[in-house]
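One chain, subunit A, links the two complexes that follow: it is found with subunit B in the first and with subunit C in the second.
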Partner chain A sequence: MKSFFRALYEVIGLPQPSSETPVYREVIFPNIGLLNIGITLALLVLFYLVINRYMRVATFSRPRHWALFLGLNALIAFVIVIAQANGQNVESHSYIYWLALLNAIYAAVFFFILSLIFRKLSVNASTTPF
Partner chain B sequence: MAKLFLFGIGGTGSRVVRSLTMLLASGIELPNCQQVVPIIIDPDAHNADMNRTVQLLQTYQQIYKRLGPREEGFFKTDISTLSSISQDVNGSVKDTFVFDFGGINRSFRDYLGYNSLPVESKALVESLFTTDNLESPLTIGFRGSPNVGSIVLNKLAESPEMRFFADNFQQDDRVFFVSSIFGGTGAAGFPLLLKNLKDPNTRLSNARYLRDALTGAVTVMPYFALQSEDQQVIDSNNFLTKTKAALGYYENHLQGLDALYYLADTPDTPYDNQPGGVGQRNKAHIIEMLAALSIVDFMHYTSLELRSGQGPLFHEYGLEGDTAEVQFQHLPTETKDMVAQHLTQLLYFTKYHKQHLPSDDAPYAKNLNLQYALKNEPIFKQLDAFLHNPDFGVDGWFNELSQNRRAFRPFNLATDDFNMMINGKPVETGFFNKGISRNYLLDALNTQEKKVPDDDSFRKLITLMYGVTDEAFRDKVKVV
Partner chain C sequence: MFGPMRFSSLSFYKVLPALAVLLAGCYSRSDMEAEQGAGKTTPAATEQPEPTAAATKPKGNTAPGPAKTAASATSFPQVNVFLEVSGSMQGFMPAAGANAQTTQFQQQVSEWLSGLERDGRVQQRRYFRIADRPIADTYRALSETVRRGIRQPATSTSIPAILDTVANRYLADEAISVIISDFIYSPQNPGDVPYINTDIADALAHSRRDLAVSVYAFKSDFKGTYYPAMKGKVAGCCPQPIPYYMWVLGPAELVGQFDATLMKDQRGEQAHFGLAAAEVPSSVLSRFHRKGTWFVADAGKQAGAGGHAVAVEEATAEEPAEFVVGLDLAQLPELFQKPEYLQKNLALRGNTTTAKVAKVEAATEATRRSGGPEAAYTHFATIRVTAKPRSKQDLTLALPAARPTWVQQWSTANDSKPGPYTFALNRQLDGLQRLLASRNTGTNAADVLRVSLSIQPD
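Entry: the complex of A and B
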């Protein structure tokens, strides 16, 4: 698992400053990865199943509503990286923001890919985003 | 396959057929028959009421052809032209809902060959017909003169249409006549047609089937008045006199009827006095809708019920109260049960089709490829015309009924709020219950779309709309 997240997040290079690499590899990467997947799944469940199936809301299913959730997911992913970095007291560095951006991109990609599965479980958003 | 041959005679006949078409479009059941064959008999080829009824019927027919037979739903009943029920080997019957008078573009005098008659016959003709009768052009009908109509319409029995009708008449088929008693064409045409069909010595084929066929009729007595103008040939002050005279004739000369329905109303605001032609375009009236319901009522009777007595069953109709604005609560329970839900469903469908369908960006719409179909597929355009055409569409029919005197106004047509559309019966709403909202309908459409297996997007749309409006009525309106 750790190696998976390490591979995922080190595509932008090794963590900086290098003295913090163990913390990133052992704690931050797995934390933000798992949180990213968990929050993405939670938002997908909220959008496709809760709102657009069980609550029978039919007017919150358009691509713009989906994009709102996607953007929210990316924003949360960005924020949790900064929160994790602060929580682990890693040395301040611009790398944190690059990592946050990467995490946000991953969140958006996960959300998009998993949407193609979740939409089939929905009633009112079964054709969203397309 | 049992058929109902429906003769709509004269202007009232056309208007009643229009109302029946609307009722059938709403999904009202017409039992004991699989097909309705309307035959409109009106020599006035330019009559606006007739022409818009024909347009409506043609549109309905196209829609039904695409939909086919179904257990229930909008446009459930097959309406076909006479020529389409069988192969016409001679090609003498046109594929139309209107009896072809072959352009009788001459005066009644010429029609009789008056100038070549012997003196004695001329004297007889002059005693039976006024100069105005003789000079009137037959192209606009008989202008309220049944004595003229009875001569011209006698030719009907020898026409190719009547022969074709008789050739294709089968054992369980039924016949129904719609006419007014106070005009020219209807008052003359109904007894003449009945006599010819039931005549034991008729030269028409299937004479036994015709004679034994279950036969009903609705005779509409005066329900409107006309503006009095000196130069006009039709004077509505004579309507009651003419009605009495015709009833006197009917009393002893109507043989072979199983059910006869009488309808009348007290005239209020007079119509424009238009004896015929494009100017005769009267607003739909509740009496015409009730006359159309008499056809539905007749079809509910079994053969045993209709033939159980000694003579025909006579029916009259009364509202629950004498009110200028008839709403659902003013209708007798039987009528209300028959029409309230179906008409409400048709209104919901019409409103949704106009307000929301073109902009629906929802799964059901995408799966039906609705946006493309609405713009490009002819059948969707036919549906649009049926619902919204300003001349003959459902919108106009509801509007006309609500504007006429007496008004049939069960709906608030001005509102876009589905919860407020039934007058006197708003849908209950609350914090957690928004009633029949756009969201409610959209969710129901999306949900039902997953359950309806149909590859034809048009048929699926009609099925969905019927299902959703049915659910909305049962869940939210419940009773009216």
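Entry: the complex of A and C
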């Protein structure tokens, strides 16, 4: 699992500064990866199942609502990287923000791909995003 | 915590006794001295800390309790003491008249003998006078000899012969042998002086594999006839103190314990051969003065943690990777703490040509106060890696053993004018060192300190 997240996050290069590599590989990559997946799933459940199936909210199934959730997911993914980096006391470096951006992109991609599955479980939003 | 105690306003004297009792454990003598040194204390105040000092004292004694119990667990099944009683030793033990002053030799040796005789850790003690062969003696008789002088001086015995006998016949398992002598050795043929080191090594060559030798050197007044190594004699000697030595021989482990217990707090100089190399606290510092792209592979999950394995991501001759190994050398002799000496002698051993010690620096005020992991170390060795390793390579950062500086000062090539030096001492100790260094590379005869490191690709 560690090596999976390591491969996932080292596509933008090795952690910087390199002194902090062990902490990124041992702690931060797995943490942000798992949080990212978990939060993405939680938001998808909230959007497709809670709001648009059980609650049957009539006016929250449009693509712009979906896009709002996607943006929210990406924002959370960005923030958790910075929070993790601070929490683990790694040396500050612009790499942290690159990593946060990468994590936000991954969050958006996951959200999009998983939406194609989750929409089938929904009633009101079964055609969102398309 | 001591702030209020140092504060010498009058209102405090009322609560001082109570405070003094409460803080007895925290109040140390240095604080007291600081307070008294300030010179502002009234008699009332200076008297108050007295009971606290008394209360602290037993505490201070019990503080190193665990270490003491560990030491008391050590025991010495057998200790053999050999005292040379040839004519050349007479000057150290002059026959004392009623008003005669004793020599330092008499003081130190009889104190040491008495300490040995009383020590509960020693199970069996044997005492010998060295004539042409060791002659068994009692503590009382030997102690008497030291105090009252040698009755019948034996003919001189050569040092290699003594060493040979002791090492082969009196170093059974778990036995420590101590030889007390002036260690003046003159080969029969003056042309053989350059071979003194070989003679010493040969004498010990067939001794036990784990032999270690600790040499303690002392100086003492000398009243009598001095026999220089090569020829002649100097009567009514000597205006200057003359050296004598105690050599502790035995299995390395026991000698180490003996050094730490029964030879503790001996004044004079010392040199140790064949003991286990010192384990100094050390760590690769992941953030301190780093260059290039590398990380500490065994650092674990703590940011900024150190370790001993370095993963190098990139390194070339033009852009080398540099990492710093923090070393705490406070326990080593002074010579081995000199940055210039370390710079010259600290070497990185291993199957690589691409990693080298680039520089060695002592800790500065800035590093001590940094609050980072570097604050724990007294020295910093910068290692430069000029190529990315292809596989994991084990390296050893080692300081090769060297003759202690005092040995040269205590040695002479000509002792016809007696003084505070011994004929060819350096050659004797060189022989000892070379023999023991070639036997066990892990001992301090070979290396003063060793730090295991490794470099690996990412």
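What we mean here is this: the second predicted complex is superposed on the first by the 130 of 130 C-alpha atoms of A that agree within 3 Å, B and C clash if a C-alpha of one lies under 4 Å from a C-alpha of the other, contacts with A are read in each partner's own complex, and residues count from 1 in each chain.
By definition in this document, a residue touches a chain if its C-beta (ideal position, glycine included) is under 8 Å from a C-beta of that chain, and two chains touch if they have at least 3 such contacts.
The structure presented is a predicted model; accordingly, all values stated were derived computationally and were not measured.
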Review point. Mind checking subunit B and subunit C on superposed subunit A, clash or fit?
Key: fit
Practice item. Using centres of C-alpha atoms, tell me the angle at subunit A that subunit B and subunit C span after the overlay, to the nearest 10°. Key: 170
Exercise for review: Considering only the touch criterion stated at the top, classify A:102 as touching first (subunit B), second (subunit C), both, or neither.
Suggested key: neither
Point to revise | Partner chain in contact with A:22 - subunit B first, subunit C second, else both or neither | key: second
Review point. Does subunit B (first) or subunit C (second) touch A:70, or do both, or does neither?
Key: neither
Practice item. Quick one: classify A:80 as touching subunit B (first), subunit C (second), both or neither. Key: neither
Exercise for review: Would you sort A:39 into first (subunit B), second (subunit C), both or neither based on which partner it touches?
Suggested key: neither
Check your understanding: Smallest separation in Å between any Cα of subunit B and any Cα of subunit C in the superposed model?
Key -> 49
Review point. For subunit A, which residues belong to both interfaces, subunit B and subunit C?
Key: none
Exercise for review: Provide the residue numbers of subunit B that touch subunit A in the complex, in ascending order.
Suggested key: 361-363, 366-367, 438-440, 442-443, 446-447, 450
Check your understanding: In their shared complex, at which residues does subunit A touch subunit C?
Key -> 14, 17-23, 26-27, 88-91
Revision key, fill the gap. Given the complex, residues on subunit C that touch subunit A span 286-287, 290, 292-297, 299-305, 311, 313, 458
**Study point:** subunit A residues within the subunit B interface of the complex
**Key:** 56-59, 61-62, 123-128
